[in-house]
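Think of it as A, B and C in the order they're written, each chain with its own count starting at 1.
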Amino acid sequence: MKVSIFSTCLVDLMFPGVGRSMVEVLERLGCETDFPASQVCCGQPTYNSGYLEESKQAMINMMVAFEQSDYVVGPSGSCVAMFHESPHIFKGDPTWELKAIALKNKSFEFTQFIVRVLGITDVGARLQGRAAYHRSCHMSRLLGETETPFLLLDRVDGLELAPLANADNCCGFGGTFSVKMPDISQQMADEKSACVVDTGADYLISADMGCLMNIGGRLSRTRQEIKVMHIAEVLNCAADPVKGGTTS
Amino acid sequence: MNAQPSNRSAFLDRVADSLGRPRRTDGVQRPAWKHNVHLEQLADRTPEQLVEILKEQCFFIHTQVIESTPDLLQRTLDDLIAGYGGGPVIRSGDPRFMRYGLSFLGDSVWSAQAGRAENIRLAEAANIALVFADYALAESGTVVLESRPDQGRALHFLPSHYIAVIEWERIVPRSTQAMAEMNRRHEAGGSLGSCINLISGPSNSADIEMQLVVGVHGPLRATYVLI
Amino acid sequence: MSLKTDNRAFGARTADGIGDAFMRGAVGSAQDSLKTRRLTAATALGDWEAWRELGQQIRQHTLANLDYYLEQMADNVERRGGHVFFARTKEEASGYILGVVKSKQARKIVKSKSMVTEEIEMNRVLLEAGCEVIESDLGEYILQEDDWDPPSHIVAPALHKNREQIRDVFAAKLNYEGDETPEHLARFARTVLREKFLEAEIGITGCNFAVANLGAINLVTNEGNGDLTAALPPTHIAVMGMERIVPTLEEMEVLDNLLCRSAVGQKLTSYITVMGPREEGDTDGPEEFHLVIVDNGRSDILASEFHEALQCIRCGACLNVCPVYRHIGGHAYGSIYPGPIGAVITPLLGGYDDYKELPYASSLCGACTDVCPVKIPLHQQLVLHRQNIVSQGRTGSVDRIQMKAVGKVLSSPALFAGTLRLANPMSTLLSKHGRIVRGPAPLSGWIGSRDLPQPVKKRDGFRDWYPHREGGGHS
């Protein structure tokens, strides 16, 4: 199966290990990958800030970048959800509406792709310890995906999932929200961090680096010893320690 | 009366403008609704099951349910009244009180003859209000009552305790059936009370620290008697 | 009270909210319990999504034919001997109500909770005319006695107060001598207010839904205060926002079910009443009934891309799940309509000049949209507001320059490639041990409370790794 990697700008800038893990897991599962180099960003930062024209330019760039792809897979429920919103944003546009629909139909969040397209729940990963999983709002509400991360984590050898209180509450990231309303955002991150700490987990896992950067940034500032991992890194912790995915 | 103009035409023209079309004054039909979930909910339950649902729900709404029979009804009500500390009792003028041969020592009756002020005075002075339900809604533990000359609006709210008698055959699954039947009656030109009360247990409030207090402005306690 | 509850800037209001530990504890635990109760009540209906779609369809049909249903309502009220006044503005609405009060030479007014009466500043107008206006909802009464403290939640207005504060208010203002037990406080209020109901000359209520084919209004309460307000005084004035109408009892029934479950997790609240002008032969109920139908900016909303906001049935469910409301509380919104729905409709009713921050007070997490029983796309409407604020040039030049530059970089492969090359070296001056430790706004907003890793060197980045990885690639 041929998969185009949608790395996301955040991974490009700051979290290369997440992209690497995603590629390694997908290739280990038999996918052939490519990386259309003209891709940049899904357009969400400008869209959510109200800069519609600027965000449309970003979305158009992505439609062109992935035009030839069979599947587009990204390590972020939020960025993929933006692809799913874009047909509504280009509604009535003679040139781009159909292309937006095409991109939506072939785009999947990483865990969603493994479970729903590849039909796999056990990727042969192994990670010893207790983990709290943060379900990102955009992945669960906008993309509507609430199951696949759990199906995959359930099969990670040695990993125990701890129930997280108020799991439905936003962590306070919200893209530009986190810098435009830092005081409110901090309160939200604080409460989320406290809930994570209360689980006694060794790891905090999520499928969105934005949330993890936010909660992780707060955990690290408050000197909490919890390792923050993207789910791609967890699934890349192969039984073979040489291939272990904690490379970020 | 008030001499101010009602602005009606200008107001409604503006609304039509906002909707981007001329005024609609007739020909509007309700569409076929996408779903019938309200009609289907609990529609398949037997009368026995509905009674069980009603009883269970009443537990959650702090309402006592007592099962009685037409023969025992007088005694049941007498006991209840005594349990609530006795009279004064005010009851509606519902003909069913007569039909079941009920009478209460020293009670007063909400009546067309008494007039507004006197009815309100008696209800305010009463410890207990006693009524017959027109419908009972199993799902929500609700009694439905229409206002009539012999059953005023304030009767349900002024006394400290509230007793409603529910006849088995008046129990319907939920609010859907009662409201649909009343709407049918209205649209067929039949009479409908000027006030319809759906009452689900005693009055309550959670306005102080979200802590439930039973008994605020209306009755402090409520009991349904099933016959 | 008017729409606006606080003249201070958004930042000051928010700081107050964040600093109020009691309020935040109260809001947090109220949210937690209401969320669970709502979910249980919704789940009990089986296919909740179908219920929401039904509610949405009913609201959309009614709004699409609003002129027709309002006229039908008015005809039916008048046929039954009631009076109807169509108020285009808040001044017309409160002016009409004052006119009725004066024509009755009334002084004593009792009212039940109604957001629209707050919006039209009715209490101020009546108080200035020398009337006594008593709020009979327990929560509202507490706020009134505390010198008209603004409400902080559309369903639980006094959520921000604790029992000790309430006891102190009652003691200072009403010579209450009891303790702070909620039951005792409520029983005391009952006694005081019962007198007020009995002596009131005019009762004023809101209206959850007008039932068009009946010419009646529907009130949904738990306390029974709405019923006493409407039934006892000789004159009843009901005030409704023009969008709060349904065709018949059948649609009212569906919406009442959605409302009660969404608002408080009850199947039905204790008192759901459908009341119209009294009929010939009725022994109580008002001798005179007035219905005031208020536009006050709603027709503009109806014509705009925000028209779905008029579907709102004021259940408050969006407040109960909102993580921002959770931490700043209702007063921070500076409006009688707080929370997500408040952030949508307050700028529409009150304008961007005063309320342009509200649409940004959201992480766009979508919890509100998910929970709305009539499917208002709340978080999308917040984005729409942001688009308007940007296109009207209201964001300030720094934001505009920054975001336009971000927009350029994020849609240009060449500029982004340059950014990947420069991000690490340029951030080195701001960084220590691989973390950014200082920087200008908006960066400073983040690093004030959270660590931020430095961007990686280009050669360590994903894009440089990919083509050179083990097994090779197709770039």
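One rule holds in what follows: a contact is a pair of C-beta atoms (placed from the backbone, for glycine too) under 8 Å apart; a residue touches a chain by one contact, two chains touch by 3 or more.
Small disclaimer: the values here were computed from a predicted structure and weren't measured.
Asks: Could you name all chains that are in contact with subunit A and with subunit B at the same time?
Replies: C
Asks: When you average C-alpha coordinates per chain, which one falls nearest the overall C-alpha average? Tell me, please.
Replies: Smallest offset from the overall C-alpha mean is found for C.
Asks: Of all chains present, which has the mean Cα position farthest from that of subunit A?
Replies: For subunit A, the chain whose C-alpha mean is farthest off is B.
Asks: Could you compare the number of C-beta pairs in contact for A-C with that for B-C and name the larger?
Replies: B-C
Asks: Centroid from C-alpha atoms only, then distance subunit A to subunit B, rounded to Å. What do you get?
Replies: 53
Asks: In whole angstrom, what separates the CA-based centres of subunit A and subunit C?
Replies: For subunit A versus subunit C, the centre distance works out to 32 Å.
Asks: Taking the mean of the C-alpha atoms as each chain's centre, how many Å separate subunit B from subunit C?
Replies: 29
Asks: Within their complex, state which residues of subunit B touch subunit C.
Replies: These residues of subunit B touch subunit C: 1-2, 4, 6-8, 10-20, 23-26, 28, 30-31, 33-35, 37-38, 41, 57, 61, 110-112, 114-116, 119-120, 124, 137, 139-142, 147, 149-150, 152-154, 156-158, 175-176, 179-180, 182-183, 186-187, 192-211, 213, 215-219.
Asks: Can you list the residues on subunit C that touch subunit B in the complex?
Replies: Result: residues 26, 29-30, 33-34, 45-47, 50-51, 53-54, 57-58, 61, 64-71, 74, 80, 83-88, 92, 95-96, 99-100, 103, 136-139, 142, 156-159, 161-163, 166, 182-183, 185-187, 189-190, 193-194, 197-198, 213-214, 216, 222-225, 227-228, 230-232, 242, 247-254, 256-257, 264, 266-279, 281-285, 290, 293, 295, 299-300, 302-303 of subunit C touch subunit B.
Asks: Please output the residues of subunit A touching subunit C within their complex, sorted ascending.
Replies: 5, 7, 9, 11-14, 16, 18-20, 23-24, 27, 32-35, 37-41, 43, 45-55, 57-58, 60-61, 65, 137-138, 141-142, 166, 168-170, 172-189, 191, 213-214, 216-218, 220-221
Asks: Show me the residue ranges of subunit C that touch subunit A in the complex, using the header's touch definition.
Replies: Where subunit C meets subunit A, its residues are 14-15, 18, 32, 35, 321, 323-324, 326-328, 360-367, 369-370, 383, 385-391, 395, 399, 403-404, 406-413, 416, 419-420, 423, 441-443, 445-446, 448-456, 460-463, 465-467, 469, 471, 473-475.
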